[in-house]
Amino acid sequence: MTELIDYLGAFADVPEGERRLAAATRELLERSVMPRIADLYESSAFPSDIIPALAEIGLFVGHGPEHDEARPGPLAWGLAQRELERCDSGLRSLVSVQSCLAMTAIERSGSADQRAEWLPAMRRGVAIGCFGLTEPEHGSDPSGMETRAQRTAEGWRLDGHKRWVSNSPIARVAVIWAKSESSAATGDIRGFLVPLPWPGVEVRPLTRKQSLRVSPSGEVLLKDVRLPESARLPGAEGLGAALACLNEARTSIAWGAVGAAEACLDMAREHTGRRVQFGRPLAGFQLVQERLVAMLDDLISAQLVARRLAELKVRGALRHPHISFAKRHNVAAAQRIAARARALLGAEGIITDRHVMRHMANLESVATYEGTDEIHTLILGADLTGLSAFR
Amino acid sequence: MTELIDYLGAFADVPEGERRLAAATRELLERSVMPRIADLYESSAFPSDIIPALAEIGLFVGHGPEHDEARPGPLAWGLAQRELERCDSGLRSLVSVQSCLAMTAIERSGSADQRAEWLPAMRRGVAIGCFGLTEPEHGSDPSGMETRAQRTAEGWRLDGHKRWVSNSPIARVAVIWAKSESSAATGDIRGFLVPLPWPGVEVRPLTRKQSLRVSPSGEVLLKDVRLPESARLPGAEGLGAALACLNEARTSIAWGAVGAAEACLDMAREHTGRRVQFGRPLAGFQLVQERLVAMLDDLISAQLVARRLAELKVRGALRHPHISFAKRHNVAAAQRIAARARALLGAEGIITDRHVMRHMANLESVATYEGTDEIHTLILGADLTGLSAFR
Amino acid sequence: MTELIDYLGAFADVPEGERRLAAATRELLERSVMPRIADLYESSAFPSDIIPALAEIGLFVGHGPEHDEARPGPLAWGLAQRELERCDSGLRSLVSVQSCLAMTAIERSGSADQRAEWLPAMRRGVAIGCFGLTEPEHGSDPSGMETRAQRTAEGWRLDGHKRWVSNSPIARVAVIWAKSESSAATGDIRGFLVPLPWPGVEVRPLTRKQSLRVSPSGEVLLKDVRLPESARLPGAEGLGAALACLNEARTSIAWGAVGAAEACLDMAREHTGRRVQFGRPLAGFQLVQERLVAMLDDLISAQLVARRLAELKVRGALRHPHISFAKRHNVAAAQRIAARARALLGAEGIITDRHVMRHMANLESVATYEGTDEIHTLILGADLTGLSAFR
Amino acid sequence: MTELIDYLGAFADVPEGERRLAAATRELLERSVMPRIADLYESSAFPSDIIPALAEIGLFVGHGPEHDEARPGPLAWGLAQRELERCDSGLRSLVSVQSCLAMTAIERSGSADQRAEWLPAMRRGVAIGCFGLTEPEHGSDPSGMETRAQRTAEGWRLDGHKRWVSNSPIARVAVIWAKSESSAATGDIRGFLVPLPWPGVEVRPLTRKQSLRVSPSGEVLLKDVRLPESARLPGAEGLGAALACLNEARTSIAWGAVGAAEACLDMAREHTGRRVQFGRPLAGFQLVQERLVAMLDDLISAQLVARRLAELKVRGALRHPHISFAKRHNVAAAQRIAARARALLGAEGIITDRHVMRHMANLESVATYEGTDEIHTLILGADLTGLSAFR
């Protein structure tokens, strides 16, 4: 089975050492989460009890720019994200937000004290972090944010409203981005570390989601929030600091989408190979084979793109439009694969316990956050043509 | 707004009389269901309290082959289905199953006594009907059904297992299809009217659906079910009697899909016209306009196909592959439109209260039941080429 | 065969009188052109000898705004364009340029003298007209044209360079659009009637075309061209006068595309029904049926859109974005159909004598001229959203 | 420029030695063929004068199973095919037929005498070979071939009709496949080496092609052709010997398609970056960027698939369905890219001298020969599901 799903051997030559994190992740999830994932999804619940095990495996780790022997390499990291999302996009989201966004922000832009205070606890999973960038009226264009940070005698005062903040309902620390001046200059954007709970900060869980139900998300309302100067991330000046974190998360998404896609193709193969209509397994009909092959086609290119992304990073040749390419390509491929799997499972495919529709629904969020198809198209278009078409 | 959504005037010249049923349906749903549809969907609940009003309007009516002055014409009926599904595919499903499947089966194939016993009560909504054709192992190929009807001294004994029986959890009567001989000949398929509850019949509601959550669906288990001869539909000999009912339901689906699609395009236009990013409403960007125009393109062809279907019926020129064409085309168009709307609404689009993802999820069932894309492709292929490729 | 290709009866209820022009066109082309169309295409030759017959049938007729009893109605006209392009897009182009562009411009904007001088000769096919709007550097945005018309003592002096002027190598009269001032205001655009040949006007035939090879096209170079005031179209002030003609031509294209598409589907059905591989006609395989059904799907929507266009015009409800919709939709549908037919004909499909690749190649021009997909998308986007995204 | 077109660095880490053959090929073609390729295409002429140079570079080489130090490795070979088809698919076809089909057949299945007689001459380009497998009525299913080989006293007698035989009009030797018995068993298929000209063999050039016009193709008619036993390829028993050659050619096609696609994307970028409409280069508009990015998306996956194919071969892990995957995927990607480039070049794009439509037309043949999309879908479907759906 493994051979078929890695049909072109995209990962066949990955050295053993680079597979260990993924194998541990898979083992954990198949044992502890898969048996109850449908229940969790139905009840919009996050399996908080596995956080220590995720930490133990080593999935909570910042992705700062400095070389770090202890950090998994790009390939090992990517393969683990693939395993997380093979189970559920929400689990990969938890890890992406914790590691790629919150911990990376602290590692990149935090002071020595901040790093010492938060990173060890986050690594152990004792503290979960969240990342408040998006606002109700500012998604694709974060530079338009309205959250304000004003200097006060004792430090800073934050006011604003963040939305779609993954992990926020279970977080002990929030990285909050705010403009320090009322001007529109994005250079005035700064990052703050806000322990939770904290006076003036209200976290409202988002409910009635039809996607990513296993991922706790929320709104973060900031009203006259007083913070000392030591809460400011000293290295975060301008939107670039936030975008650097997004690039790490987007890389993880590109890898995760491969896992969700593989899960869907696996289920479609299994179902059509077993179910007989008109005297033959569905998988024996031309129309069904065409759909399976279309899924394989999408999957293989996503696998090869993910693999290449890791190689570019190792070679030091990775530029941020490469990540845009991979995020856009792989999520769109996974969406097509999930929709085909849903259809191939027929009526059964709408039942939560058959998983395909959960993946299909989850991928709607995955396609939206960290840059929509349109945003990445314009990033790539600008890189390819030298002309910005954003406005 | 109306003008834009009926962009090519597909329904602009429909006479007033043919619009009345649709107008009444829309008025009822906007008043009584739309304000709570998201709640109903979240809790998988059907608004049973509107059944009397649906009956009052005249939406419960059989579609037998005889001319019936009281029955709405094909255009009036279709426009009403469009309004039902503009609200929710589950409401249209309720009406399709009640009117096109259960009542049509009784009207077409029932004895005078059966018609007198059931049709008035069904018309008033006092009795809801369901239609048990599909089985766990027999969907696309109903001729393979395993449910058996054996003659007994007193009449018949039924044994079998039906699944995906819409309305069954609230039904007072079930039309059950069974083979009267163990041979594979489809000519042995017969229909029975089973009042509910009834000894030996167990209805198990289907839960954990991620689609059509407002439509009550269930399994119907038949174990040593004893029925008098008078329970048999005398006019139902062979699978053809069931397929004739399916054709009516498929016609309704083709119309309903237009309504779901229109709702999605409406919401996408509204959202993108209002939400500003990069200093402009989203609707003012080329990429967004392209998506809106692609949706319009899909919508217009679906509208024209629905309209043409009604004209063919009025002219007496409607053949069943025409219906296959329309069901397949319109549902696929609606699926693409819903997916685009979901994406255009961004993160907001995953929230139940924004409706688009509900429509998108519902259409997965609509695409599956009453003939998948593949089945209708092969029906059309056979008609177009004269060669059957089913096996 | 006719029944199958008009699968949903889009034209089944067209009254006899409205079919006459199309029938005469078809009869003429099947007899006089189809037997040599592949030869003509191979040698890039136009069958000038059929011009009198086209005239005789009544295909050379202006489409001015005034009611004209002698002019075929929108449905009759459309059905005839469909027959022309069923044979070759180049023939439909000849008629579109002669009737919809050149004669319409004269009928709409010409003086009584101009109409009397040119229209009868054009109607009889004695004079072929062309329409010089596009320039080498100005296609999608004609308002940027560089051709200049300067007032002189005796009338006007024209200087400029028109390109992609269909019919120009065989034309006796050219409608030339030019800016009368150097300002950018499009209100300064005026139309002129230039008899050919004429001092200072050079027509250079375009060669080495891989599309529309049967349609003579050329460049028109204007160098110090002196014209009397009487050569100016008095009713043509601003780009609107030219655009009104384009709308007529675009309508013809929307209808013509249906004919090209039907020809391709016909050939694909014929070929796959006859050719046996693996012991069965190709048309008996699921994969082939799916492609045929996809073509049918595209064809039916194009047919319904064309039909609706005629109905909107008859009702006086036609707006120019409707035409943009139809041109864009129908040509794209025809392109997909032609590409599928090409593939279904296998290796044979690349031979000119099998026609499908000629249609496929022709449609590349048809998709480009009179507004690309992108331009019509933006016209529709502006109409749908109220926001222009052209710049 | 190179960096952008190899956007994800699919070939960035290819060692210098593996690039040499491609570099020499590119240099030759840019100097000797590109300046006249449009003329050649217009006149359906093959530039025979470059055959010695192609030979000199080392492009005429068999791909038998034995290790051969002199033969370029899979990566070097693939990169050279990419350069050939960047110029024209017909040039790549010449080389594929010569090297992958004819020479490989002789190398794999020929006797020592046959190899000594033909391979050196073919390597030097003194003898061009062709490969007669396809027949007028047998394309996708070559096992149905009607060409017969009968034993005679002196050897063999061949009768039959081969079609779509690339290179045949300029060939000095033909590999002809024939059934030695009238039974349907494919095990009876044998290969023969027929020197050209030869009594009873007539080669009729195929004309009026709208695709691959630079590639000389023909029909080979065999009527009472008498051959000695020594003309038979002793190692060629059964269709498998022919299919082994096809796999080599398909690999070359998968690589060649990348080159054609790159040429098209290059031209589209160049054109849209230069042409200004509405006050901006086309490349600065969102709709144009989306098309360019869609092309890039397709290109990158094709590049990665080609690269992976070479790696699988080097690792000894290449199976024939992998090649089917790559041929199908890469040609379809190239077709979409060429069609988009054609459209982006607007009216100019139909002129032969602008190259894009030549590539687009060529790819129709490339998509058809050596296995259509449908055939490779079924090969992959069978491999993926374990169920054959060919019949």
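Miscellaneous remarks
The letters A, B, C and D name the chains in turn, as written, and every chain counts its residues from 1.
Note that in this section a residue touches a chain if its C-beta (ideal position, glycine included) is under 8 Å from a C-beta of that chain, and two chains touch if they have at least 3 such contacts.
Every value quoted in this text rests on a predicted model; they were computed, and no experiment measured them.
Comparing chain pairs A-B and A-C by the number of C-beta pairs in contact, the larger count belongs to A-B.
Ranking all chains by how far their C-alpha centres lie from the centre of subunit A, first place goes to C. Chain geometry summary: the mean Cα position of subunit B and that of subunit C are 42 Å apart. Centres computed as Cα averages put subunit A at a distance of 38 Å from subunit B.
Spacing of subunit A relative to subunit C, judged by their CA centroids, is 51 angstrom. Across the assembly, subunit B contributes residues 280, 285-287, 290, 377-378, 389 that each touch 2 or more other chains. Those residues of subunit A that touch subunit D in the complex are listed here as 4, 7-10, 12-13, 269, 272-273, 280-281, 283-286, 289-290, 292-293, 296-297, 300-301, 304-305, 308-309, 311-312, 315, 317, 322, 325, 328-329, 377-378, 380-382, 384-389. Across the complex, subunit C meets subunit A through its residues 285-287, 290. Contact residues on subunit B toward subunit A in their complex (touch as defined above): 38, 42, 134, 137-141, 144, 163-164, 206, 208-212, 275-280, 285-288, 339, 342-343, 346-347, 349-353, 357-358, 361, 364-365, 367-369, 372-374, 377-378, 389-391.
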